[in-house]
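One chain, chain A, links the two complexes that follow: it is found with chain B in the first and with chain C in the second.
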Partner chain A sequence: MEMGLNQVSYQKIKDSIIITPKESMHDSYVQQFIENTLNILVRENPKIMIIDLSHIETVDSFMGRTINELVKSAKLVGVKTSAIGIRPEVAITLVELGFNLLNVKMYRTLEQALYNQNEVD
Partner chain B sequence: MNLLEEVPIKTEEDIIKSRALAREKAKEMGFSVVDQTRIATAVSEIARNALLHGLGGVMRVVVSADGNCIEIIVEDKGPGIPDIKLAMTDGYTTKKGMGYGLGGASRLMDELAIDSSVGVGTKVSMKKYLRS
Partner chain C sequence: MSNSDEIRTPIVEVWRNVLLVSIVGVLDTNRTKILTERLLDQLVEQEALVVILDLDGVSVMDTLVAKHVINTIKTIKLMGPEVIISGIRPDVAQTMVSLGVNFDVETFNLLRRAMEHAMNILGLKVVSSK
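So, the complex of A and B:
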């Protein structure tokens, strides 16, 4: 569909928007990322937003908080969120860090996320 | 001990640089991808603390002579931490952090030591050992 500011790509498949952030998003870009994404959600009107985490090598509490803020904001504009592709090492690290990703239904693959859209709340 | 490299932590971009450097050194030393990620994440938390709370600082990566231990030292000249035990508590935060920095980093690393004096600054030193 379109490329967003080179650190994130956005892609529309059926009723879903797939958001793929690249590694090493700068802190200063985060606010813009959330705004950009919200604008795209409002314009494209998807049922669901799928965050593709497969490029993300490090999720610290700051990145975790960013994802949570995005999920909460998306919910306010009526879009549910699921996530795919989290790397094993990132999952292990998040658990040890003690950080919780809120209300995000996780799937291994894009196919599963698209197929199980109705599960997500 | 062998000093490898030093990164100033003055901007948000330096946080990414410092964790990238730590990850790269850990990889060179033969740490697993999971350990590399633990180290990079811990560095990210502590470097962000130094920037947000400590007005910026410096990160040093040191590798032990036997190549078995990576040590990361983050030092700032900020206001210091009055109550370290409280600062280590999950969920405790004074600024826009999430409050997982110190406690989380200590779980991700094998050792974490904090030396902080109010009005002088804070030094966080953390170590990870290669499993043989």
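So, the complex of A and C:
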């Protein structure tokens, strides 16, 4: 299911929503992205939001802050966050920029994320 | 450059989905970068669920080395696997405490204890076959 500007697609599987942001998200779309995602979360009421990072090739501190913002907002509406498919270069950059994403459970595959649903704190 | 580094820092799959990384010698910024890149590639390829960082060969633990180790741990965690540290020697442990260094992961002196813990994480048990 596509969402507005073709920047993000989402899928519902059981109690989870999988959000797949595509790489080329410009700054001005980001607020829209967060807003759209939160609307989806409130409408579908999943227990977990799984962010698929496999299309993200680069990140900067803005993207890092955006992810943090999204995770915190999701928590406020009762949704925990996992992420899948982060690329090595992106992981390295995030640590260099000081983002730990401690409140996000990270997995390599969707299968792992769905299987470990109850472990997300 | 890369050959000698591979020799000094072997990355071995000691069990299915368990990687053992033995760091030997001085861990500087450049070596950390090379090690991290190699490790993350291996991690993905081996589908690692646990990474054991063995520090027994690290003779010097100061705030800079600690920072490199901490960053490496954080990066591995972002990729998914749990991280365990083994090979913390008594003098290194003391230095870490006095420097206020905290790795924030389970640490063990003995590698086999670290392996046991890795098994625990994977939900595995070693039982006698007799």
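Please note the rule applied: the second predicted complex is superposed on the first by the 116 of 121 C-alpha atoms of A that agree within 3 Å, B and C clash if a C-alpha of one lies under 4 Å from a C-alpha of the other, contacts with A are read in each partner's own complex, and residues count from 1 in each chain.
As a working rule, contacts are C-beta pairs under 8 Å (C-beta built on N, C-alpha and C of every residue); 3 or more make two chains touch, one makes a residue touch a chain.
Nothing here was measured: the structure is a model prediction, and the numbers come from that model.
Taken together through their common chain A, the two structures put chain B and chain C side by side without a clash. In the superposed model, A:28 makes contact with chain B only, not with chain C. Between chain B and chain C, more residues of chain A are touched by B. In the superposed model, A:100 makes contact with chain C only, not with chain B. When the two complexes are overlaid on their common chain A, residue A:88 makes contact with chain B and with chain C alike.
Of the two partner chains placed by superposition, A:14 touches none, neither chain B nor chain C.
By the touch criterion stated above, A:43 is placed in contact with neither chain B nor chain C. Legend: residue contacts after superposition of the two complexes on their common chain; A:62 is shown touching chain B, with no touch to chain C. Of the two partner chains, chain C is the only one touched by A:112; chain B is not. Per the superposed model, the minimal spacing between any CA atom of chain B and any CA atom of chain C is 7 Å. Chain A residues 88, 92, 96 lie at the interface with chain B in one structure and with chain C in the other. If you check the complex, the residues on chain A that touch chain C are 86, 88, 91-92, 94-96, 100-101, 106-108, 112. Those residues of chain A lying in contact with chain B across their complex are 24, 26-28, 57-62, 64-65, 87-90, 92-93, 96-99. Residues of chain B touching chain A in their complex: 12-13, 15-16, 19-20, 23, 33-34, 36-38, 40-41, 44-45, 48, 90, 97-101, 103-104, 107-108. By the touch rule above, chain C contacts chain A in their complex via residues 36-37, 40-41, 43-44, 47, 71, 74-75, 77-80.
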